[in-house]
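Chain naming follows the written order as A, B and C, and within any one chain the residues start at number 1.
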Amino acid sequence: MDYLLHILILINIYIILVVSLDLIAGYTGLLSIAHAAFYGIGAYATALLSIHFQTNFLFNMVFGIVGAAVLGVIIAFPSLRIHDDYFVIATFGFQMIVYSVLNNWVELTRGPLGIPGIPVASLFGFNIDNHWKFLILSSIFSTLVYLFVRKLVNSPYGRVLKAIREDEVFAESLGKNVNSYKIQVFIIGGALASVAGNLYAHYVTFIDPTSFTILESILVISMVIIGGAGSLRGPVMGAVVLVVLPEALRFVGLPSSVAANLRQIFYGSLLVLMMLYRPQGLIGEFNFQK
Amino acid sequence: MAETILSGKQLRKVFDGVIAVDNVSFAVEEQTITAIIGPNGAGKTTLFNLVTGFIPPEQGEVYLQGRNLNGTPPHEVARLGISRTFQDLRLLRQISVRDNLLLSCPNQIGEVFWHALFSRRVGSEEANNHEEALELLDFVGLRDLTNEPAGNLSYGQQKLLSLACCLATKGKVLLLDEPVAGVHPDMAARILDLMVKLRDQGKTIVFIEHDIEAVKKVAGRVVVMDDGKVIASGSKEEVLAKAEIIEAYLT
Amino acid sequence: MLSQLLVNGLIAGSIYALVALGFGLIYSTTRFFHFAHGAVYAAGAYLAYAGWLLGLSLYVAIPLAVIGTAILGGLIDVGIYRPLRRKNASSLILLLASLGLFIVIQNLISLIFGDDTKTIRSGIVTEGLPIFGARITPIQVTIIIVSGFLLLLCWAFMKKTKMGKAMRAVANDPELARVVGIETDQVILVTFVLGSALAAIAAILISLDTDMTPMMGFYALLMGVVAVIAGGIGSIPGAALGGLLVGMAQHLGVWKIPTQWQDTIVFLILIFFLLFRPQGFLGKVVKKAAV
């Protein structure tokens, strides 16, 4: 039962990650493999603050959001000048830089040793210290994030984002400040991903840089793409599929490293297959074709 | 009485060593229709790009109602009142005709992050814009295609749509890049007709065309470009009468 | 001290130059980032290892591994990229497919061989010959020489042979090349085969010096990407220059900056070039959003 709760909690965390990345990549067309960097900033911000200053997780979330927003502005800048696959390479570079900071700035982050003993989240004196409570907390957040992004993308604001995705020159000629929107979505998407990181840190209570690598970024973008970029339910489905199906491998009794490899082979193959036969994913709108 | 609404002074643009626009100056009066003609590669579209801020000039200035537009980004130029269409017909083909128009409406608070989420006014703003969009569609004659994905329209209809989007931005100056090229003669007549109506309603139009008949029909003034330079400019009658222009143009 | 850093930079640079060369050749003819190149690279080393495990002498295992990897590269092109090209897939789609392939191949290697370090080094660890105050082992000398030789060979190939010229034609203007009668699909296949062989040689060379792990491919890929972007895409001297730059920056950086930030320097170089000089030192200007 606890295991089932664990899966559901993970799904909630990934829902936040995929929906926020979908805003950037699926709706605005800015493919990014730097999302784990935002995720990591949120996690590390809350881990460090709550251990050194005993501050509340919500308070820390604000700091995570600010840190992610700063990174978002930095990453958005190249998108104003370079496009498509070149931009992906730039996000790749940024992801690697953030990872190496988390891994090498030992004085701050303890590097590869990670940060153990992260206190549980607490709300009005109420400790979120078991799986049931965390499931409720994470569900509240994932629902809020989902509704937030949904309202945004279905509004005229969302219409501009989709226009930028399809033809940014046209959008600009209609008076839309394309550069400003690109920066905004990275800030918003990044901030939401840092929220996921915050929750993750208080759930697992021990974090280290290996949870925030380029492979994690690729996993999240795979979820978005396989589920369907540019729709909201698509990435959520992608998240569910890519969290649940590989977990099923555990039940077959395979050693965990083998299961880890198989899981990656699974989503790597799905990604290739999708690109070959259905780039818009299961139920998406954007097929990365320009 | 006729005010100069748009002008360019000694504009120069170089691409990779090739002078695309060479010391071009022009002045356009309000409520007129001006045609820019010239062979391919003469620099006409580049001139449009310079005026609308999509590319920066090496030298020269552009003025809109006396205001220097240098360094102004394209979206700002659009907001200041210059709207344009593109030679390769830019539109959002995946969405409906109506949604293309809704996108084109200016000053929408619903496009601002905070308001999109929390303002109650977005609903009524959308409704108003919807009304105006329908009126525009009536004006250009695309009303029954309101809900069609723009990609399903014929080439000529798409040109009408891009003109409608231009109008939806409420710009005072319209720069139309080949508005009737490649279009069925009936449709071309319709478009030219609309251009005249728009001028009478107060718009200023500058258009690039290869079709001399179209130019003869609607233009008030004509500017001829070749090799990046303006080789003639004046009233339609003066310019088109000059034999050598027609020669250079046809060869 | 400085001379040792220079030597180390030269050794690393030689390897990166080979990876960048293969990667850059593929990019210039296909116009997309073939991320899976990193996994193909690793496969080269592991195929040699597999051969050695099966009892073959390295003199047999290594050439077989290079051929095997070249075939792998060819299969990837024919099986995945060519069908995508037929559908007119954008470079983004190709990049994403390539990412997926990378993950699959890397994990297959990890699954079959395990994550621990494997070695094909059979000799005793020698101390290295002294040169200008630095130490360099025979293997490391081999790396530099082989790398330089291969770079020259490729350059000659591109300049003098019919296929080489065809490759340059496709790189310059695929449409025109097709019109002139060049079979672009065949040319691209050759590029993949060659590029993959180069990657395998690079991987094997480095393994003879410092062993192999499944992650080695990822690392080499990164360096290859930076080298290609810094040096200039489609340019062989550019790839060499870029590789050298990356190798040097990494090792010389240690002089002033703590070792663990070596790689961060490399990524900062990448971002710098992407933002300010995407055509690299010697390449041509790359696409921007055209009006």
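Operating definition for what follows: contacts are C-beta pairs under 8 Å (C-beta built on N, C-alpha and C of every residue); 3 or more make two chains touch, one makes a residue touch a chain.
Being a predicted model, the structure only gives us computed values, none of them experimental.
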Chain at maximum distance from subunit C, centres defined as averaged CA atoms
B
Taking mean C-alpha coords per chain and comparing to the overall C-alpha mean, nearest is chain A
Could you put a whole-Å number on the gap between the CA centroids of subunit B and subunit C?
48
On a C-alpha centroid basis, what's the spacing between subunit A and subunit B, in Å?
42
Could you put a whole-Å number on the gap between the CA centroids of subunit A and subunit C?
30
Touching at least 2 other chains, the residues of subunit C are 291
Quick one: which residues in subunit A touch 2 or more of the other chains?
169
Residues of subunit B that touch two or more other chains sit at 54, 86
Sort out for me which residues of subunit A touch subunit C in the complex.
31, 33, 77-78, 81-86, 88-90, 92-94, 96-97, 100-101, 103-104, 168-169, 214-215, 218, 222, 225, 257-258, 261-262, 264-265, 267-272, 275-276, 279, 287-290
In the complex, go through subunit B and note every residue touching subunit A.
52, 54, 73-76, 78-79, 83-84, 86, 90-95, 99, 102-104, 106, 108, 110-113, 116-117, 122, 125-126, 165, 169
In their shared complex, subunit B is touched by residues of subunit A numbered 148, 151-152, 155-160, 162-163, 166-167, 169-179, 184, 188, 285
As the complex stands, subunit C meets subunit A at residues 32-33, 80, 83-84, 88-97, 99-104, 106-108, 110-111, 115, 218, 222, 225-226, 229, 258, 260-261, 263-264, 267-268, 270-271, 274-275, 278, 286-289, 291
